[in-house]
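Each of the two complexes below includes subunit A, the first together with subunit B, the second together with subunit C.
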Partner chain A sequence: MEMFLAAVLCYGIGILTVFAPHHMQIMAHYVANVAAVLGSGLVFFNSWAIIAGDAPVKALRWGNYVLTCDNWSAVFLMITGLAGIIASIYALGYAESYEGKRLRILNGLWNMFIASMVLVLLAGDALSFLLFWEIMAVASFLLVNHEAEKRTTWNAAYQYLVMTSIGTAAIMIAFFLTCTHSDSFAFADMAANTLKGGWLHATFAAAFIGFALKAGLVPLHVWLPNAHPAAPSHVSALMSGVMLKIALYGFGRFMLDFLSEWNYWWAVIVMVVGLVSAFLGVLYAQMEVDIKRVLAYSSVENMGIIFAAFGCGMLLKVVTDSNWCQIGFLAALMHAFNHSIMKVLMFMSAGSIMHGTGSKNLELFGGLAKKMPYTALFTFVGAMGLAALPLTNGFVGEWMVLQGFITLAHNGLTQDVRLLTVLAFVLMGLTGALALGCFVRYFGITFLGAARSRIIEHAHESDVFMLTAMGISSVLVLLVGVFPAYVIELLCKAINMSDYMVLGVGGQLVWSGSGTFVTYNPIIIFGMLGVLGVAVLCFVVKQNVCIQKDVVWNCGTYPTARQQYSATGFSKPVRRAFDYLLKPKRERTFTQNDHSYFGRKLFYKLEIPDMISEKLYQPFNKYFVSASAFLRRLQQGSVRLYVSYVMVAMVIVLVWGAMYK
Partner chain B sequence: MMNEMLMNLLYCLGQAVILLLLAPLVSGIVKKLKAFMQNRVGSSIFQEYFDIYKWWRKPTMLTPHTSIVFIAAPCVYFITTLAAASMLPNFIGGKVNFGDVFVFVYLFALGRFFMAISSMDAATAFGGMGGSREVYIAAFVEPVIMLGILSNMLHTGSTSIAGMVLNPNELNLTVAGVLTGIAFFLVLLAENGRIPVDNPDTHLELTMVHECMTLEYSGRLLSLIHWASQLKLLVFLLVFSMLYLPLNIPLVAKVLIGAAGVAVVETLNNKMRLFKVRIYLAAAGIMMLLAVVAR
Partner chain C sequence: MEYIVVALMFVVFLQTRIMDLRRAVYCLGVQSAIIAAACLVIGMSHGGGLHAFLPGVLTIAVKVIFIPYAILKVVHNLQDENEIVSDINVNYSTAVAACAMALSYMVFDSLLPHFEGRDILASSLFMIMTGLILIVMRSRAIMQMIGLITLENGIYLFGLVMTEGLPIIIELGVFLDVLIAVVILVILTSRLRISFKTTDTNELNKLKG
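And now, the complex of A and B:
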């Protein structure tokens, strides 16, 4: 635990750089980010040691406040540490471009943000959890709002603040209910609570709403696609990569520790909400033209998959009451770990693209691979990971999630459960294929083909810090993808997985959820594809006839970059297929001059409003505003009126008191 | 132990190579059957070999915009298809288990990812068109395949390909089995770009999907793509005949039955409009759903 305190001390030094004098701001920037790297490194290695069983944990107490760490929180500390190291290395290069734009505050808040996430995970009682949770929320709000000059940023930040406050309120209710039924704020005592009946359901509902809001599950995701693009890229990397996972930590804490008696419907709700989030998230991701919004919606998708896996585990526990349920929790953890690496990588690459071109609009890109070859390579790895292709860690998580659902289908013998697995497989299939399409589009439009606008001419590759950070994470994506067994072993310990469950033996994954053993051996596949690839490349490269380059045949005309498919055009078939869900709003006007065919100007505007915010939040918002306008009539500003209010209130209190003497 | 595994792996690869050598023949037979049913003479059943050889010898043309992805994509498509072929239950001996049916499906996804990405590399309108359509069709194929896996798993209690293959003597003549088989055949047509989803022989921009993506390829790269596509068709036909044709006849005969089925469907149908494909695949999906419920 002392190591964690040392880490917090590092972050503290980072926060103190806010007070550096103006002329030393670049030095302060380096100090702050190196402090963040060191602190995250301490967190990472210490939590790793804790899971591996090498480091004893001694809880720190200060009055009623407890800081402690068990295996469940250690996993998330590991995720936080790893993502923190990578993103802070990236920040060394990326944040420097904020020189003169409140750089010191950015770095201070950055340290505070990581420190608060670490402390949330270390909190061993409800009060300190909520305290650090709120610090995390406020720090991330301020970071989102960093470029407050922009109206959209400002809007997104305040939307985030309101939503996250609602979430915190729900979590507070959940903690309050648990605490009052156990007469203690310490997590260890809260595990022995006496919640039952309606209170149990209420606690579940409050906890699920609160944490689902933070995790960005549909329909509580509306803040996410606005807040993540608004923040500086390294901040969105950490928000997406780690902060969303902390919601899973909290939810798991409630489910695994506090609420031991699960209801069938809870499990169904968690699973279905997760699946629907996964599907809608990826569907909107494919429609977006803002690269960071694509990634934000992809986070909705992946958090959906993670919660669906968790719900699958819960359902297995409820239906079969056997240890099979552990595949669900393990898959959720594995996917959380993998997604944090991949999403940090992708947000960093989006930051590099923005840094290099000054834009985040997909429609303006094209051919960037020639200007930014390393960024292109790293983005390609990340895109493969998020499309869950074999040999990346994304597929390891996907495989385990699918095995979880297979286990559910095999062991949950009722017709209800079977239909739920049908839903799961349909939505997982759709999600997988749409994610593939989404990242084909993301990578292809950005990096391949010809430049669609002038900004590409001036694009430049990122600096060495940013490339190092992206390089580390893309190596991790492949490394965990090919050798997943060690990570899985660690995660098995985190959920106290029974020994007879063989998952991750001898470098391969083995699971027998459907009655017979099935395997995924990425090492063999890697070797096989490698050997075949070398053989095929030898044939292609050693071709004795030379490779010629010439302009592509284009029906007799000279091809221009504008004839390429645009990002909007690429997703048109899917948009049309899911018309009834997306309800795109098209606006087409053209100014007609003398000739009806030539020389006219076309304006085409396409907008895909988020269905949930359109149908759910805006009517509510409208109602809320009109109700507030009505209430304003009470506030007339005259002192006599207020005195009379006081008097009326007093009379009511007196009468009430007299009645219940 | 290690040696034994390597031997087994070699057997798997050997099987993949044998399938690779046979794949053009199967495509040639499908073409010949089609020609026969359309009252044409048609080309020789070995024509596909000549085509591959022809492209293999020709020089490769690239456009100025292409990057390394353009060259890598056909290779990856080729080797992932080969790897998937080596995952089929072995008929030349040797046994190695390195992935279940999800891995099998996702290996094809890996190839598709590369092909779809490469389609945007040549900076033409056609490429993007093909990639976009491929991705759209894949989005509807994938859920049906997932349901098919579920249906088979419920019947055989396994998701490994070898575990799902039925004993030939045990006829899978349940309603669920037949429904799954039919739906899988529909998926087979869609996955391999056959009529009624896509037409492998067309070169008209309004109709083509797969050809669009590969339009800018030439020479050795083109031959790799065509060869891999033929292998993919053979692999799907093999899966179809092993899982859904549990007749007590040699595997070769079953594959020929499947190939004849493809030829019949291609002769009797027209290519459907792109946006009707989702209805076609929804029908397959509903059959799969009924099969799962009936299991």
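And now, the complex of A and C:
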């Protein structure tokens, strides 16, 4: 625990750089981010040691408040530490562009944000958990609001604040219900609570709503695609990579520790909400042209997959009451770990693209690979990971999630469970395919082809810190993808998974939950692909196949950049296929219509309204405002009227008291 | 003691009928003086000493002398010194006050039957309700202040009867509260007069967002 305190001290130093004088702001910037790297490093290595069993945990007590760490929180501390190291290295380069734009406050809040996440995970009682949770919410709100000059940023930050407050209220209710049925508000006592009947359901509902809101599950995700693009890129990286996982931590804490008597329907709800989030998230990601919004919706998708895996684990536990359920939790943890690395990488690359070109509009890019070769390489790795292609850690995670569903299909013997698994396979399949399309589009439109606008001419590669950070995370994506065994062993320890179900045996993954032994051996695939690649390379070099260079045939005219696929055009087939879900609003106007075929100019405006906010939030909003207008009649602004309310209340209480004394 | 109760009720009823601000303040002073007398009587009946006299003396100093004086200073600066509500309103407020009196007797007969200080308890509740009635039915800031002091007197009397003398520190705290409340209200009323050229609180309804 002392190591964690030292880490918090590092973050404290980082926070104190806010008070550095103006002329030393660049120095303060380096101090703050190096402090964040050191602090996150301490958190990472210490939590690693705790899971491996090398570091004993001695809880710190101060009155009723406890800071402690068990295996479940250690996993998330590891995720936080790792993402914190990478994103802080990136911030060394990236945040420097904020010089003169409240740089010191940005760095101070950055340290505070990481420190609050670490402390949320360390909290050992309800009160400190809520306190640090709120600090985390406020720090992230201020970071989202950092470029408050822009109207959209301000709106997004405000929406985020409102939504996250609602979430916190729900979490408070859940904690309150659990605490009132326990001896104290320490987690150890809350685990021995006496919740029964309806209270159990109420606690589950409050906890799920609160944490699902923070995790950005549909339909509570509306803040996420607005808040993440508004924040500076390294902040979005950490918000998406780590903060959403902390919601999983909290939900897991409730499910695994406090509410151990699970209901069948809880598991179904968690799983279905997760699956729907995964599908809708990736569908909307496919439609966006703002690169950071694509990534934000992709976070909705991945959090959906994680919660679906968690729900699958719960369902396995309820239906079969065997240790098979651990595959669900293990898959959720693995995908959470992987997603945090991949999403941090992708947000960092989006930041590099924005830094290099000054835009985040996909339609303006093209051919960036020539200008930013390293960023292109790293983005390619990240995009492969998010599309869950083999050799990346994204594939490992999703393989395990699918194994969880197969196990459920094999062991869940009732009709409705099987029906649910069919739904799960359909939605997961759709999600996987759409994610692949989404990231092919993301990478292809940005880095390949010819430049679609003039901003590409001035694009430049990022500096060494940013490239280092992206390099580290893409190496990690591949490393965990090819050699997943070590990480999986570590995570198995974290959920106390029984030995006979260990997945990582000699570098390959073995799972027997579906009736037969299935294996996935990334090393063999890696080797085969390597041999194949070398063979193809030899063939190409020998035969001089790809040497001929010529202009692409284009019906006798030279192809122009405008004839390429645009980002909107690329996703058109999907838009047509899911027309009934997306309900796109198109607006086409032809101008200069002096000839019916030539010289026409087309103005094309496409809008994809978020169906959830249109069909759910706006009617609610409308109803709420009209209800408030009704309530306004009670509140006429006259003090005398208010006093008469008091008087009427007093008379009623007196008469009532006198009648039923 | 009965005479005190009768006098008190009479004065409070009178309070609901007075429309002239100056006379209303005098009436309030008389009301507070009666409370002070009740205070002294109760104090003496529980033995002498400083504690017996202090609440009464403080009541006289704060509620009989200082508060009416402060309100009169404000009234002095006003041009129109009448309450602006109609005569019917006055009759209504008296009628409602009468209902309040009946209600308070009913409430205490039901809650504490055979209590020896029945009249004084009922009159205290009656004063609380009348204070509220004055706040609700009058629109002048000064009259509402008078309503507040009446309410406060009622609460004080109630406490006095039920507890037979509060600890001295609480008595002091209560008086300080009243003092500060009146000071703030006097300042606010003066501000109101400067801003709106009147002390009609209906003007404040315009502040509604």
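We take it that the second predicted complex is superposed on the first by the 612 of 661 C-alpha atoms of A that agree within 3 Å, B and C clash if a C-alpha of one lies under 4 Å from a C-alpha of the other, contacts with A are read in each partner's own complex, and residues count from 1 in each chain.
The rule is short, and it goes like this: a residue touches a chain if its C-beta (ideal position, glycine included) is under 8 Å from a C-beta of that chain, and two chains touch if they have at least 3 such contacts.
Predicted, not measured: the structure shown is a model, and the values here were computed from it.
Peer 1: Which partner does A:Ala561 contact after superposing on A: first (subunit B), second (subunit C), both, neither?
Peer 2: first
Peer 1: Quick one: is A:Leu413 in contact with subunit B, with subunit C, with both, or with neither? Answer first, second, both or neither.
Peer 2: neither
Peer 1: Does subunit C touch more residues of subunit A than subunit B does, or is it the other way round?
Peer 2: B
Peer 1: For A:Ala52, decide between first (touching subunit B), second (touching subunit C), both and neither.
Peer 2: neither
Peer 1: In the overlay, answer first, second, both or neither for which of subunit B and subunit C A:Phe570 touches.
Peer 2: So A:Phe570 only meets subunit B here.
Peer 1: Once chain A of both complexes is superposed, is A:Leu654 in touch with subunit B (first), subunit C (second), both, or neither?
Peer 2: second
Peer 1: Going by the contact rule set out at the top, does A:Met27 touch subunit B (first), subunit C (second), both, or neither?
Peer 2: The answer is neither, since A:Met27 touches no partner chain.
Peer 1: Within their complex, state which residues of subunit A touch subunit B.
Peer 2: Those residues of subunit A that touch subunit B are 366-367, 369-370, 376, 380, 384, 387-391, 395, 398-399, 402-403, 406, 409-410, 415, 418-419, 421-422, 425-430, 432-434, 436-437, 439-441, 443-445, 447-450, 508, 514-521, 524-525, 528-529, 532-533, 536-537, 539-540, 543, 545-552, 554, 559, 561, 563-565, 569-574, 576-577.
Peer 1: Applying the document's contact rule, which stretches of subunit C touch subunit A when the two form their complex?
Peer 2: For subunit C paired with subunit A, touching residues are 103, 106-107, 110-111, 125, 128-129, 132-133, 135-137, 139, 144, 201-202, 204-208.
Peer 1: Which residues of subunit A touch subunit C in the complex?
Peer 2: That would be residues 635-641, 643-644, 646-647, 650-651, 654-655, 657-659, 661 of subunit A.
Peer 1: For subunit B, which residues are in contact with subunit A within the complex?
Peer 2: Subunit B residues touching subunit A: 9, 13, 57-65, 67, 69, 71, 75-76, 78-80, 82-83, 86, 96-100, 102-103, 106-107, 109-110, 112-113, 116-125, 127-129, 131-133, 135-136, 138-147, 149-150, 153-154, 157-160, 163, 216, 219-221, 224, 274-275, 278, 285, 289, 292-293.
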